[in-house]
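Two complexes follow with chain A in common, the first pairing it with chain B and the second with chain C.
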Partner chain A sequence: MRNHRTPRTATTPSPAGRTAARAGQYAALLAYLVFLAFPFLWLLSTAFKTPRELGSLHPAWIPRHPTLGNFRQAFDEQPLLHAALNSLLVALGAAVVAVLLATPMAYVMARHRGPLARAATGWVVISQAFPFVLVIIPLFLVLKNLRLIDSLAGLVLVYVVWSLPFALWMLVGYVRAVPVELEEAAAVDGAGRLRTLVSVTAPLLAPGLAATALFAFVTAWNEFFFALVLLKTPEHQTLPVVLTHFIGAEGVADLGPLAAAASLATLPSLLVFALIQRRITSGLLTGAVKS
Partner chain B sequence: MTSVAEARRPAGRPATDRAAWFLVLPALIPILLLSVGPLLYGLLLAFTDAQSGRTAATRWIGGLNFQDLLHDTLFWESFRIGLVWAVGVTLPQFLLALGLALLLDQDLRLRWAARALAIVPWAMPEVVVGIMWRVVYNPDAGVLNETLRHLGLGGGRDWLSGLGTALPAVIVVGVWAGLPQTTVALLAGLQNTPRELHEAAAVDGAGAWRRFRTVTWPVLRPVALAITALNLIWNVNSFALVYVLTNGGPGGKTRLPMLFAYEEAFRYGQFGYAAAMGCVMVAVIAILLAVFLAGRLRGGDDT
Partner chain C sequence: MRTRITTVVAVLLLLLAGCSSGGRAHGGTVTLRFQSLAWQQESVAANKQLVKEWNATHPNVRVEYVQGSWDSVHDQLLTSFEGGEAPDIIHDASDDLADFAYGGYLADLTHLLPPGLRARIPGRSWDTATFEGRIYGVPFLQEPRVLIANATWLRAAHVRIPTPQHPWSWPEFRRITKKLSGHGRYGVAWPLKEPVSATLNLALSTGGRLFHRGADGKVNVRFTAADAVVPRTVHDQVALDHSTPAATLGSGGSDTLPGFFAGKYAMVPLGFSYRQQIVQQAPKGFRWEVLPAPAGADGLTQGVSPQTLSIATDCPHKKEAAAFLDFLLRPKNMVRLALGDWMLPTGTDALADPALHTGANGWATGTALAASLRPAPAQSVRGYPEWKDKVATPALQEYYSGAIGLAGLRDRLQKDGNLVLARYQR
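== the complex of A and B ==
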């Protein structure tokens, strides 16, 4: 553990010192892995334990009689399947709409240097600091007047606007990566502006569009605050909101079903995130540093 | 060559502003309607006595909400807790992430595992992170107490219900949840550092600390500042994690400003008052941003 804070990029002088440093580095790495993995492994382990094992004062690391009972009970107690379907609809809707709306704007931001593009960039930066408290009450009132409160469509709208800034950042990067020369060549060949965009730029953007859509999907799938405030009736609620129903009013929770439902809710985000993690990192960095 | 320059025009040069507007509008309209509009509306609400579900007309009451906030001890308590939380999460997270990024920048065997695992906290819904740590902290069936019992350090503590332990316990979860993201950002920043500079500094006999200060840090600084500013702002806006872990309890010891405002607005229906709270938080965020920008400008002068 000793050396994990010390940068050690070049070689250390003596072989003994080097071995000690290496040992320290591996110890630190191992500590990190344990810190990262343990809560998650414990959640999984808890999800497969029998009620009797959960009640024992010395909980086992690995369930001795693994059971699916908690999963069954979780589905019996709360409308998990329905909530997952709601989440899926909202997340898909938000992803598709966000990409459709963001792509033209990102194109302008990437290719033009007018006051419009500058203003848009400024807004993207500011939106990173968006004060949810100040926005949620008026939004609640606005959506109520539009009769979009307690509806999945209203939530999709909110999520679209909410994921737009970051989607724009990612897309601007992807558009810049498409060489202008290609568009110029198409223009020389007599293709109109729209033709050029659709037949030359769009296909090259496809991976970027997919990554951006996946990002918007995970954001919406995971979101809780807006969903909690805007969705009132249980049959409209998304998965994160329904998960909190497992925790009773007094904060008492039935650990087994709670752990089972929580593990299941993570799977889609984990899968999607594994696909796009690298792209989000680069988007985050350009967004943060170049602002 | 002139033909190329001419060909450049249609795509390379800015088209008419009208075309640009046409492309921007689909995103701009929802943005104006659903984020800029509500933001301004919220600023107005802060000066009214708006309440949910009442029939009387909403009245303009000037700065009365802000006056009330000044004298609201519960608000100041939540403000203080919010500061402890934001700094308590951001600072250790940054230091840990910096150490880890430097570590993962090395040629180590298990590096891939760290990178693969880092996805877990990052991708998890915050609600699930909260639930997971409730399971970990559970007084009887939790892994933390069981580990402590194994090590002979007692155990049986109810971490999330203890008046003294709740806030630290919640802060640990906050650090856990954001650690990978911060680490990965710093790691990416580190990989911009030119290797030759390190080698040259090492040949010159510079120690590890000196090499860090003179070679690594100047390159890393913009990334470090940016990620820290973002983390601070995100932490000021935190809600889901603590809502699930403690719901502000015990006795309000973990009632972050967002939880306080949520209760005011959606439990007690005090829309105007909660909007005023929102204004205060916006001011705090603006100050954070200003400090961050000042830091960046100073960095620009150095170089």
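== the complex of A and C ==
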């Protein structure tokens, strides 16, 4: 008698095979996470090491004699808290202004496709290619005439201009992902353009707005060269500029305090990421799917 | 919703208004901004303390201490000069001054500095900051390149220990490093991430000049037998004697210290100020000492680019700034700055201070070398930075790694180098 049971094919793995595949996936994910986390963990480890341990040929992951001395020295030598506050003000200011300006622009570029919108998109892409050194001296002179040298407001302005093209580019994708039928329905219900943008489109854009704001925040938080050149007085210096004070001639560094200060400098970014992580994830997915 | 947006905009405007620097009230008092590149804990403390002492005794001329960074000082200053917003008093290195001096950004100090300050610093140091007969910076700190040695290892190997009076010759240095090497250990580790200044500065000891200025004032590169002694020694130590590891050629000075502490290398040629890192990081019981670099036909002579203090052309109170420099660089104060930076002062009186002649941490060896320090060969050569980056650095790296021979090195330095320099001398 013939056996009518369907034979197991190569495309339907056994439960054991599925478990092994899943374990492999988790192992790969873990390896990737370790790879991503390595610099930060090493930075943290360095921050707690004594100078003698830092000079060892075989450095250990876990400091043998953990010390807070590097943190103490870093805070004693440099105004880290004040610099962090400056960075926070500048980064928040840049993020908020960039999003406020980019949102209506992105809406227009996404909804009104034509030669002008295409030219604007092209310009946005090209403007990303300008090197810092090309713009720094004209920018310096313009800000000087506006009396915005050595002011955090001037720096915010620079960061907004710097991050706006990419923010715009990001947001155009998110706006296109919002079904235009929803706006048409709102129009049928009698809502004007502004009302539609504010009440219908903006809430759906929230994840995209969060992602864009985070991009602008991180860009401003990490930026060094403009801050170095545009800020003169120590009271206005931002964290990346203050961190370089632990580096001497020919690249010699006071490694322990530098690592301590740098590890503290990463915290605000991590915190902001943690707070809006869910929105970011859904925002990225939203931007990736075509309606 | 509209109310919410208005609130956000209002908060933002307030935030930005709060960020603005506003104006600083001077109240008739002159305020000078002093941008210092001091970075080590003791050095920053010494600088700040001296500024405080000045401010306490000079109520009408207030000096504001601003922290700069070695890492980016050139670009930062260039932009500030272009925008007319440079600090009044500028800390830099003499080999970085040429472009600023020729560009008209720095004040001519020739007749601005008090005669006492001029007299306290020897002429060879002034030469490092003098361009076309005018002084653009006060050289105040300098460091020779020395050999930091594992004292226990050298004593155990029964090699002759060099002193400033009886240094090793380059051939003797090569023989000794060969003797010290073997079984995964090396006589010397050359950290030559920046090979050009190290090679050129040490080559002065063998009479190497490389840059030759003609009667017409134009500079020409000529790589002679005297120029070849130091690079050939390093090359042969790597390729023939295996007394130096090829791996450290691409390293910075700090990168070689762990291997030095672990007993992999008997010696490391480093700048004098590296002693501070060694004091901090050396394991307990590790015995180290400072030895002079090897000597050649011209003795212990080597090139240096001292740290300098300059005054910006745009500074409206140059006399007051010069008075502050005079105060900051008084012999006692210069000693405080030198101790803070673990370097040598340029001032003759400061160099005589007993604090710098102690045997501890190699101070005495360093001060004994001070008289042999000369301006770095490329000090006033226009186009040197480009020659260094585009021609000399890759050529020397290839030579040290064995990719090209001495003839190839000579060809590159001279032929390609002179093409670069010619563009600056038309």
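Points worth noting:
Rule of thumb we're sticking to: the second predicted complex is superposed on the first by the 211 of 291 C-alpha atoms of A that agree within 3 Å, B and C clash if a C-alpha of one lies under 4 Å from a C-alpha of the other, contacts with A are read in each partner's own complex, and residues count from 1 in each chain.
Note that contacts are C-beta pairs under 8 Å (C-beta built on N, C-alpha and C of every residue); 3 or more make two chains touch, one makes a residue touch a chain.
In this text, all values refer to a predicted model and were calculated from it rather than measured experimentally.
After overlaying the two complexes on the shared chain, residue contacts for A:I247 are found with chain B and with chain C alike.
Contacts of A:D150 after superposition on the shared chain: chain C is touched, whereas chain B is not. In the superposition on chain A, A:L88 makes contact with neither chain B nor chain C.
By the touch criterion defined above, A:F225 lies against chain B and chain C together after alignment on the C-alpha atoms of chain A. In the superposition on chain A, no contact is made by A:A210 with either chain B or chain C. Of the two partner chains, chain B is the only one touched by A:A120; chain C is not.
In the overlay built on the shared chain, the residue A:A20 is in contact with neither chain B nor chain C.
When both complexes are overlaid on chain A, the residue A:V96 reaches chain C alone and has no touch with chain B. Of the two partners, chain B and chain C, it is B that touches more residues of chain A. Judged by the touch definition given at the top, the superposed model places A:L141 against both chain B and chain C. Across the superposed pair, chain B and chain C both touch chain A at residues 54-59, 100, 133, 136-137, 141, 224-225, 228-229, 244, 246-247, 251, 253, 255. In the complex of the two chains, the chain A residues touching chain B come out as 4-11, 25-26, 28-30, 32-33, 35-40, 42-43, 46, 54-59, 61, 100-102, 104-105, 107-108, 111-114, 116-117, 120, 123, 127-139, 141-142, 157-158, 160-162, 164, 168, 180, 183-184, 186-188, 193, 196, 218, 221-225, 228-229, 239-240, 243-244, 246-247, 251, 253, 255, 258-259, 262, 265-266, 269-270, 272-274, 277, 281-282, 284-285, 288-289, 291.
Interface residues of chain B, counted against chain A in their complex, comprise 7-8, 10-12, 14-15, 17, 19-21, 23-24, 26-28, 30-31, 33-35, 37-39, 41-43, 45, 95, 98-100, 102-106, 108-111, 113-114, 117-128, 131-136, 138, 140-143, 146, 149, 176, 179-181, 184-185, 188-189, 195, 198-199, 201-202, 208-209, 211-212, 216, 222-223, 226-227, 230, 233, 237, 239-240, 243-244, 246-247, 249, 257-258, 261-262, 265-266, 271, 274-275, 277-279, 281-282, 285-286, 288-289. Remark: chain C residues 1-2, 5, 8-9, 12, 15-21, 33, 37, 39-41, 44, 64-67, 69-72, 75-76, 79-80, 82-85, 87, 93, 193-194, 252-254, 257-259, 261-262, 264, 271, 273-274, 277, 280-284 touch chain A in the complex.
Those residues of chain A whose C-beta lies close enough to touch chain C in the complex are 51-52, 54-59, 73, 77-78, 89-90, 92-93, 96-97, 100, 133, 136-137, 140-141, 144, 148-153, 156, 198-199, 224-225, 228-229, 232-234, 236-237, 241-242, 244-255.
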